Amino acid sequence: MKRSRYIAQKVGWALLTILFVITLNFFLFRVLPGDPARAGVRDPRLTREAVEAIRVRFGLDKPVINCFQSLNPMETGDCFINPLDTQFFIYVGNLLQGELGISYHTNRPVADMLMEMLWNTLLLIGLGQILAIVLGMSLGVLAAWKARTAVDHGALLFSLTAWSLPTFWLGIILLFIGSSYWGLPIGGRLTPGTVYNTSIERWLDIGNHLILPTLTYTIVFLGEYMLIMRSTLLDVLSEDYILTAKAKGISTFQILKDHALRNAMLPMVTIIALNLGFTVTGAIQIETVFSWPGLGGAIFTAVNRRDYPMLQGAFLLIAISVIFANLAADLFYSYLDPRVEDS
Amino acid sequence: MSPSPPPIRSFWRTFRRNRMGMVGAVMLILAVLIAVFAPALAPYNPYQPTRVTIDDIYAPPSPAHPFGTDDAGKDVLSSFIYGARVSLIVGFFASFISVVIGGVIGISAGFYGGKLENGLMRFTDIMLVIPDFPLIVLLVALTKPSLLNIIVVIGLLGWTSSARLVRSQTLSVKQRKFVLRARAIGAGNFHIIRRHIFPLVLPLIVVNTVLVISLAVLNESALSFLGLSDPTKISWGQMLNFAFTRGAMSAGAWWALVAPGLGIVWLVLGCTLLGQGLEQVLNPRLETHHLSVGSKMVARMMGMKEKPSEVKAVSGD
Amino acid sequence: MSSIVEVTHLRKLFPVKKGGLFDRQEKFVHAIDDVSFTVERGEVLAVVGESGCGKSTLALTLMGLERPTSGVIQINGQNIATLKGKEIQVVRRHVQMIFQDPYESLNPIMTIADIVAEPLKVHGLVKNKQERQERVIRALEDAGLKPALNFMHRLPQELSGGQRQRVVIAGALVLEPELLIADEPVSMLDVSIRAEILNLLLELRQMRGISIVMITHDLGTVGYVADRIAVMYLGRLVEIGPALQVLQQPHHPYTRALLSVVPVPNPRQRRERVILQGETPNPINLPPGCRFHPRCPVAQPRCQETDPMLQPVAAAHEAACLLLSSG
Amino acid sequence: MSVTDLSTDFLLESAPPAHALVNVSFTLREGEVLGLVGESGCGKTTLMLSLMRLLPANGRITSGTVNFMGQDLLDLGENAMADMRWKHIAMIFQGAMNALNPVQRVGDQIAEAIVQHNYIQEKGVVDGRVAELLDLVGIGPERRRQYPHQYSGGMRQRAMIAMALACNPQIIIADEPTTALDVMVQAQILELLDTLRQRLGLSILFVTHDLGVVAEMCDTVLVMYGGVTVEYASVDTIYNDPQHPYTRELLRAFPDLSRPTEKLASIPGHPPRLNALPPGCRFAPRCPAVFDRCHTEQPALHQVKLGHWASCHLVERM
Amino acid sequence: MKRHYLILCALLLLLLAACGGSQPTTPADSGDTGSSSQTVTTPAAEAAGPVIVRVGWGGSPDTLNPGTAVLAEAYTIFELVYDSMYQLQPDGSYTLELAESVDVSADGTVYTYTLRDGITFHDGERLTASDVAFSYNLYASQEDFPFLPIYTSYFDSVEAPDDKTVVLTLTEAIPNIESQLIYLYVLPEHIWADVPDAAEFENTAMIGSGPFKMKEYRQNEFVSLDAVKDHYLKGPQIDGAVFQTFDNPDALVQALKTGQVDMITEMPNTAVAALRNDANVQVVSGPPLSPSVTDIIFNVVTPENCPPDDGICTGHPALQDRNVRLALAHATDKQNIIDVVLLGLGAPGLTLIPDSLGDFYNDQIQDYEFDIALANQILDDAGYVDSNNDGVRETPDGRDLIFRLNWPSDSVDSPRMAELLAGNWGQIGVRTEQQSLDPDTLTSICCPAFDFDIILWGWGSDPDPSFLLSVMTTDEITTGTNETGYSNPEYDELFVQQATTLDDAQRIAIIHRMQEIAHHDIPYIIPYYAQEVQAFRLDRFRGWLTDAGKVALEDPSSLLVIEPVNR
């Protein structure tokens, strides 16, 4: 009962956040300097008529919102315009149909392009996150358990340093080491031109290409998870119920497993969720360094080519993914922490 | 009886013993010194054009250029020293903006509560979920990549964590009885915030600022990497950007990459260590537990209240 | 001598978060429900009860820190329930509060002098540093911190618990109040030093004629300090009367039970204990009739229907129980 | 259980070790309730954790024996000791909210101890035992599926007691089990403990600072101050014939409802910090009957009469 | 225990994966096996596997639709997969491709092409004259194709009287028909006729008639092509080609070094020295097959030429004075810029018409010498003196010679060039305020707004100079193509003349004259003509065209002739 209300509330907030992101996304591109139509037209050989044609094609000739022809509040226009015939509603309407506009750069629907890349990014982020979480937490548990010993200090120093590394810098160094000494592929997702006899071969190829990006990703994010795990676990381990468990004659391993970890997981889940937004930063850099065909690389390309619909779409997709991931984490949290039910 | 030391001095006494924090502070101070005295320290002025030849480009380290030269034949050491300035300016000012916004939002939300808090924190939650970096990229790409824009954009988007932290700290300070006492003696909101809330939230804000600096520095370097920095300003990120786009690795000029990269690591690590150290001193998380060493237990068993100050008193005596 | 405090039909409700999405009915915590009493000048009134009975809310309401939902609180003849900002400040100067936890109620980064001087600054009562200094010293020494100069520049955490509580008291004294509200002033202190704080309060009453409302759950000490005792249960006064009478001849079954379970530090005095079963019910869903009836050892059917009023049982001694009227 | 000359030190960073416990000896007989009394920081908790060998890692037991069931607990291997805990010596902690794992069902936490020590595997049997235990402490067995936060303070303490009884231990160490509870709930818990003791023949080591509770619950009392035994005697002797000035002062400072008008006394000063102990008698700085020797020489525990021990130079002289 | 297990597991996983990666060919032995696959191919597949040349590049086609494509990468693929009427050869000449012969009418307006026999599309359908006519008419009629209509602007009609004959009628005789037709790729009518909106067609199947056919295309990942061994002209010697995208220029070079690709189409010039030391690698450099030019744009628009609608025209007045521009030209050390920015891999530039345009390039022009003293003298003489001794000269009416200097933020080299220019010009008392701008903002301040002083930018061109020449005509000021605002009636006149002069030599003479005018008037300083730098491995393929005068190893002319080393 109460959990259902908690869930409903979280879902509600997620939807509201998405709405906010959509609105922000729309206005960002219109408030900031630069004509969105002009932005797509880089070739000075295009005629004024052609520019106007593009404006019409992208709906940019319509008023921004009902009364405003432009975002300049001085320039109010006719208020009897059909509100559904304004840029904002056209935009939202298109969104609802899964249309994110046409890329200025490739002339393809942004949604299609993003979908192709989304899975690649999810693969990279997913694998990297899982490894970083598992390794980071293991290291954190080890450090907390051996608090104030050489093991702890070593792990701490390693994690802090790993956290401080600029992702792209680590990536480029690993790229050179990995390709020169370990014969690992330099970039891409597949070895182009290869004929795969089975899908296992194909996946092995993908896996081989994933090693370096994942390694970079893992190192960069492992540090933070380790630090958090260590400190929450230290907190949890100094709680009285740990002493109770110890007094019950329960072995250290079982205490860690049954009592400490589950309680320490609570802040971890929250932080992992909040961290998801941050992981995108890493993904952009890693995908660019390793030419991984994902959303991050797409953002890099789009930035370079000033492909605004693409940027807009990628940002929206990433934001929505992160919002949903957060929602999932919240729901997972409610499952982990029985106190949620009565909050 | 001799007058006891003021809080700042007793803080320093404890902090001095915190190895992590001290190392971080030294690292950070060193970086600041390098930045401040750049003109005196740098063998050349990287902003001053000099005549170079092909042989000067990516020249390996030599007595004339201890860190070698970069893709424009400039002395890497000098750029490195001057680069500290921009990296630090971005770090400090962006985090200053973030922390001021976060502090104001956090304190007002935490202190006034009610609808204001609800609104502010919901907004914070929304901003917290939105991935920062793509938005930073977007905004910098949409505006023009000048140093000021970068600082403002990084600063404007970095406040969420500060706001949450400050709010929760404000809430916990507000719960403490001395705030109720201040109310009981008839103090107004402003007085309470100024005299009781702010001074006690301040240490946390300082810790947070230090950590936000490291994030801002990392963000600046990532922006540079994406080609979204001001190319006329030499920062470590900018140096890396030139090294990447102009093939330092392929040319075998590792020195052009290593110095600025390590500079960033140095600065970020310094901030992180200092932040962690400060946090340990100001809010001694117990580095110990029932399965291990225990100063909290010891403190409790030795009759000390479980208050940070008490624990400090034990180790400080 | 007129009363310094007159509370009549005081009521304080806290709204609780609405239930479900379709549960429109708002619920309330009945923290204080129709409470009336007076405090005479120079008197020590102890308000006793278990946690959740509303005694802390009573303290905050008396201080003007919580607005009563209804009822009248007259302090020095002025109803603070209706006063506005500035006026309340003036009244507040005469009412000061002492808190339970001396570790918590002092700002750890302010010196003792600053803490004690703070009320003076807030109210803008002194013209110059010198006068402030003098008043701070006087307050500290009155609170037993002698010589005051030894303490003024120290920080709270450098003092022991007892000394801190004295600082809190000094901070209250500096405004020369007429009424002190002491919320569990000694419960966080070690047994060995409780008496000195209680004795200090009594001394102040003697020296300055200050009235004291002492909120406490510790029945052991009330007899020692209080002139009168008020017993609260679930937001209600169930018994009020002279301290000795209440302690030795309690009339309300709740008071009787409460007194019977207080441990006595004498193994030779084993008494019959009345141990009430269950726990104090939730103050949101109050039982009908007498609030105490579900746990009352002598409850009768009519207790479920009629809500008893306070009625005199002896001189200046009242209790709220239906059984009393029938004999 | 008999404890002799138990001493515990804490190793401190940049300071000499603190002697938190010095030569404490006592005997806990079957069915006896031994009260351990003292102000905060007098070494009560250290003693308790030393007995269970649950000290934090910088705590060191430096001497003494703990004889129990014909063995010295201090000589047992870690596994044997782990087996000893709860099966034979169980504990009840202060503040049961913190002592119960917030994310585990109460029933499961009780069952954990049973499974750990009795190796009962069948779920039904364990379940039955949990229900039985909860029933024993007056909690409806259906509430075993609930989490600690759904319990009230008193119920949590009851659940703690049920947990302590899980393996039918001979000894229960109760560390301030009623502190922070309301007086009525305290009475309920004390009554429950008393009933259980009589029914199950438990020995209880009752740690508290509340002299009233001690008077009502205990058979013998051990008064501690600054890590040393101050006085050790039967409860009647302690209250009616205290020998040590500290005991006397403490009793005078404790309010007695039966004598409401009697003037309360206080002991000026505060208990010593364990890393800054006075050289002589640890109580000397606060003692009303102090004389020169007290500042230089630590008094030994002296038997005043049979079963009554006190450590004071005054007692020795007699 | 479990914890250790977890860590161990993860480490094992990584190790296994790493081992899996290092198992296959190392760079040293990859040449011997001739294996195309780096990692996964089983030994059996390796022996019998197809011989595929792996090309690394920094981009990816923006689209496979020839009508809407912009990027050079797309045109590379078009060249391989499609055929057109003419083929541009690396030496700059044109050969007939689809047609075996052409007959031009006496007045030069009717071209009758006879197609070769046996041309088929990759899906097996025959390529006939009607496909050609359909394609040309499509390009001419599609308004949403941004560039191609330019090449069809002289078309009057295209007809296919029979399967083998295409009759192209022009509105007037033009000199450069070949260069107009090379980008008009012939598309299969049986596919494109059914496409509802040609501008939105993604064309991923990409059926063409060229020597390679599309196998797999993943945008921003790779393009994989199969060889058409029985192509009607000359089938490739190899079995296929893949183009792999590397976002990072260093990664591109590293991929070549480690043998993960056989050829790279671009690289940072800084890597050249290191690659030249690699025995397995050969670096080639020279003028690019696709001409391009880097320019320093001066805002010289006069008030009367300021575009009435869009013009803001805030240029520094001093730049209107040729003396100032001349001084700047004399104060520009082009060789130093080439050394630092290009590491020597470029030639000093003269005008917008680069050396890669072959005969159209006028190499007889004497460039302004780098001479600071002379430059100072010129400014002194023209009345620009530093009267207030702040190191910056002023115009006679007292305005400082401080110029805004902008460049596109996506340019790697411009910031370095700007630094050097600032140094050079600083010596003659000219200061710059530097700012990089994103290309859109730059476009918006550039032209036709003329809200700038100096911009560093560049142009790409087709093999005919018409377009580059048009950039300096008065007519293009309002359209924004003329980015300097330069206007010279004599030049405009010559531009019209060259467009209709059919005789090659005569046309070249006019164009040379136009360059002289432009060079004399200095609306631009052209710092350099950059060379194309490419590199390939020697251990797997041989026969790359390295001595053709221009460099484009990814061009069909190279990919058709290379063959495996060990065959």
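By letter and in written order, the chains are A, B, C, D and E; residue numbering begins at 1 in each of them.
The definition used in the following text is that contacts are C-beta pairs under 8 Å (C-beta built on N, C-alpha and C of every residue); 3 or more make two chains touch, one makes a residue touch a chain.
Just so it is clear, the structure is predicted and the values come from calculations on it, not from any experiment.
Touch-path distance (fewest steps) from subunit A to subunit E is 1. Comparing the CA-atom centres of all chains against that of subunit D, the greatest distance is found for E.
Contact tally for B-C versus A-B: the pair with more C-beta pairs in contact is A-B. Rounded to whole angstrom units, the spacing between the C-alpha centres of subunit C and subunit D is 33. Look at where the CA atoms of subunit B average out and do the same for subunit E: the two points lie 45 Å apart.
Once the centre of each chain is set as its mean CA position, subunit B and subunit D turn out to be 48 Å apart. Centre to centre, using the average C-alpha position, subunit A and subunit D are separated by 54 Å.
Contact of a single residue of subunit C with at least two other chains is seen at no position.
The residues of subunit B that reach two or more other chains are 141, 227-228, 244, 249, 288, 290, 292-294, 297, listed in rising order. In subunit E, the residues touching two or more other chains are 248, 250, 254, 257, 410, 438, 441.
For subunit C in complex with subunit D, the touching residues are 50-51, 160-162, 190-196, 198-199, 217-224, 243-244, 247-248, 257-259, 261-270, 273, 275-277, 279-280. Residues of subunit A touching subunit D in their complex: 239-241, 243-251, 258-259, 262-263, 266, 336-339, 342.
Subunit D meets subunit C in the complex at residues 39-40, 152, 154, 182-188, 190-191, 209-216, 235-236, 239-240, 249-251, 253-258, 260-271, 286.
Within the complex, the subunit A residues that touch subunit B are 13, 16-17, 20-21, 24, 28-29, 32-34, 144-148, 156, 160-161, 163-169, 172-173, 176, 231, 233-239, 242-243, 246, 252, 255-256, 274, 276-278, 280-281, 284-285, 288, 299-300, 303-304, 306, 311-312, 314-315, 318-319, 322-323, 326.
Residues of subunit E touching subunit A in their complex: 1-3, 6-7, 10, 14, 17-18, 20-26, 36-42, 45, 49-50, 52, 54, 62-63, 65, 68, 70, 143-144, 146-147, 150, 199-200, 202, 216, 218-224, 240, 242-248, 250-251, 254-255, 257-258, 260, 410, 438-441, 443-444, 446-447, 479-481, 483.
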